[in-house]
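Letters are used for the chains, namely A, B, C and D, taken in the order the chains are written, and counting of residues starts over at 1 for each.
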C-alpha cells in the first residue's frame, strides 16, 4: 500500500535527470535554495504529492485561502553548461512519524524511478552550529568516495564520523545508495532559529559549481523575507502540535477542529 | 483498508446537500452550534461511524449507561429560503493519532460522496484568543476567492497568513479542495477553556446568514449547560490519557481496565 | 489483518457462556479477582493469545525462566446455582498503543463469538479514589437499564456522568453494546498504588451475588502477596519503558537488548 | 506484509545452526562481543536487512561516506570442539516503535527458519547495575530449566523474578519459546553509560564456555575504542531524535533535512 497520492500534471521525458531533494528542515536552508532556483530558472511543476502521513492540517495563506500540506515535483531541462535535466522535490512539510518518513521517501523515489533514469542525487539541508559565524560554510557527505572528491573540489567541508543525517535528506541518500545512485548531501551552516538566506546563498553557490550553471542570487534576500513569514505561521502551528503532543495527542479541546 | 465502520440507519436521497463538519474542538464551539441546530431543526440521524482510531474507552452517562466513542451523520431537507439539503457530521471524539485523523476524514468523505453529490462544505470550529472579548468575532478561511467573498458579505473576519487549521476542520477543507468542493471554515472566537455558548451563538448567526435560514437561539444557553457537564467528564478522561501518555502509554497499572 | 495470534489448546462447547474480562489495570483489582476465581474454581485454560501490540519484552520468572507477554482464555462449566458457563480473559498485559487496544479487543471478541454464543459480559477493573477508605465500595456501569438494575440489587454503586472507562474494560463493553450483548463493568475502589487484595475481595463478593455462586476467599491474601511481587517486576519494566518513551523511543543504549 | 527487506548475498547451507542475536543495547555489550567474534573468527556476511521501522536517518562515517541503518546476518561453520554452525544477527540499530520491534524480530526469525533448522539461540545484551563493579558478572535467563542448568554450569548468575528483558533480546527468546527453540539470554553487567569492553569480554568468555570454542580477546580493547566513537555519533543523533520527540515529532525546523 502506497503512503502517497500523486497527481501528475504533465507527462514529461527527461534525459538521466539529476534528483534534488529540498524539503523543509533546519533553517529552511535547502528549501530556500531550491525554491529560489525554481523561481529564478523557471522550473515547471509536473506532479503534486499528498500523504496521510503529512500533518493533519491546512495552512491559511494570503486573503484567507487555505493550502494543503503538499510535496511537489518540478523539472528544468538543459541546465547550465552540462545541459543537465533536473528534478526538484520541494514542499511545505515532511511526514510526521519516523517510519512514515522512510515509507514516503521510498514511495516518492519509486514513483520517480518508474518514470526516469536517475544516476545522481543531491539532498539539500542545513546544519545547526549553535553560534553565529563570520563566513557561512557548506558541509557535505556522500555515498561514494568519487562523490566526496567532487565535493572537495568545490571547497565543501567534508563531515567525518560526526553523527548522522536525519529526515528526508538522509533517507533519500540511503535509499539511493542501495540502488547504486550516486548521492551527496549539502548542508549550509546556520543558527537554525530563523530562515537563513545567507546559508541558502552559500549552498546555492556550491550547487552551481557542482552542476555547472550560473544563477543571479540578488533576489534571494527578498525571497528570504517571504519565507520568514511562512516560518512564523509554521511555528505557530508547530506550537499547537507540541501542545497536543504534550497532552498525549488527546487534547481535542485545545485545537481548532 | 477502511479506518471506519459505518452503520447506516436510513437510506436517503438528498439534492446536492451541503456538508457541515462540527466535531469536538476548541471550546466545543462548532459542536455546540451544530448539536443545537440538529435539535432545534429536528435533523434526523442516518448513519453511525465507529473507528479503531477513536480513543480506546467508553463514556459513562446518566444512570451509569455507557456510550461508545462515535461520530454521527444527520440530515435536514429543504432548510430555509434556499430549500437546502444539509448533512451534519457530529460526535463525541476525533481520531487520536495524526495520520489516523487524515484517514478517518478521507474515509468519511468518501462514504458521503458515494451516496451524495457534494459541492459545498462548511467546517465549524473555535479559535482561541487567549483573553476575554467584549463582542465575539467569527473568523473565516476558505478554499476559493469566491467563498471568501461570501464570508466577507456576512461580516466574517478573514484570517490571512496566520498559521493553520489543525484537525478535522482543516483536513476536510483540504480534501474537499482537491475534489473541487467549495469549502469554508468558520471559527468562533473563544477563550477555549470552557464550553462557550456565546461563541456558538455567534457562529450560528453567521451560518444562518450564509445558508439563509432562521433559528431561535433561546435554548442555546440551556444546551451549553448540558455540554459543560459533558466537557467535565471528557477532561477527566483526557487527564487519564495524559497520564498514560506521560508514561509512554505503558502505565497499565494506572487506568481502569 | 488480525492483530492477534491464537493458540487453541482445547476445542470446547459451552452453553451461552458469560464472558468475563479481567486484564491488568488499576491496582490489578480485576486481574486479582479473576486469577483467584480461576485457581479456586479450577477453571481450565483453552486458548493462548499473542499480539505484536503487546509490549516488546519477556518477563523473567522463578528460576530465570522467561514468560511471554500473553492473554489467556479459561472456562468453567456449570458455575453456581445458575449452572452458568463462564469464559475468562486474563493475562499479564494489554496492548500498548491506543488504536491497538481497540483492535486487539475486537479481534479477541470476534474469536470468541466465532466459537460461542455470548449474551452477557462483565468487565472487571479498579477505580482510583486517591485516598484510603474504611470500607471498599464497588462501582458499576452498564450497557442497558436492565443491567443497571441488577447491579443496584447487588448494592453496587452506580457511576453517573463521571468520565469514562479507559482500556479493555471500556472497549469490550462498547463493542458488546453494538452487538446487543448485555455488559456491565465492576470497579473495585482502590488507592491504585499497590496490588489491592481488599478491593479484589469486595469485587469478588459482588460478582458472586450477580452470578449466584459461592467462593471461599481465604486464600486471596496469599494470592495478593504473589501478585504484589509480579507488580514490582512490572513496575521496574514500566520504568524502563517510560525512560525509553521520554527519549522518543530511540534510546537504544539504555535498555537490555 | 513484511516489515523487512532482505538482500541475500550468498545462498548457504548450515547444519542446525545456533542463532546468536546481538543488536545494539545497554552499553553495547552484546554488540561489541558479537562484532569481535565476527572479526576475530572471520564470520562471513550472507544477508543484509533493511526496514522502514529503523530510524529515518543515515550515519556519516569516515571521510564523509554515509552508512544506511541496517541489520546483518553472518555465519561461521564448524566453530570450536562441537563443530557448531553459527548465525549472527548484528547491526547498527533496532526498530524504533514497540510494535515494530516485535514484527521485525518475527520477520527476521521467519526468514532464518525458512532457510535453516534452528534448535538453539542465544541473545546477548547488557544489564545496567547503576554502580561500578570490581568484577563483572554475567547474568542469564532462559526458556527451559535445561538451559538454565547449562548457564549455571558456566557460572552465569541466574536472574529470578526481577523484571524483564526489553527489546530484541527478549522478543527473540519469546518467539523462539513458542516454537520450541531453546533460548538463553546472557547479560553482561555494565554501568551502561559508555561502551563497555570489560563487560563484553566477560560475556564472550561465558559464551566460549557454552559453545566450546577458544578466542583471543586481546584486540577487544582496541575494538572498544572504535565502538566508543560510533556511540558518540549515535548519542548525538539520539539527542536529535529526543529533541524531535519532545516537540511531538513535528519540529521539522530543527533537524537536518
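We adopt the following convention: contacts are C-beta pairs under 8 Å (C-beta built on N, C-alpha and C of every residue); 3 or more make two chains touch, one makes a residue touch a chain.
These numbers come from a predicted model, not from an experiment.
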- The C-alpha superposition of subunit A onto subunit D, two copies of one sequence, needs a rotation in degrees (nearest 5) of 90
- Message: Counting residue numbers used by both copies over all numbers at the interface, does the subunit B-subunit C contact come out same (over half shared) or different (under half)?
- Response: different
- Query: Once you find the CA centre of subunit B and the CA centre of subunit C, what distance in Å lies between them?
  - Reply: 35
- So, in whole Å, the Cα centroid of subunit B is separated from that of subunit D by 49
- subunit D touches at least 2 other chains through residues 1, 55, 96-97, 241, 244, 249
- Query: Which part of subunit C faces subunit D closely enough to touch in the complex?
  - Reply: 1, 7, 50, 52-66, 68-69, 96-97, 100, 229, 233, 236-237, 240-241, 244, 247-257
- Task: Would you tell me which residues of subunit C are touching subunit B in their complex?
- Result: 1, 23-28, 30, 55, 93-94, 96-99, 101-103, 105-106, 125-128, 140-145, 148, 151, 158-171, 173-174, 177-178, 183, 185, 187, 192, 231, 234-235, 238, 241-242, 244-246, 249
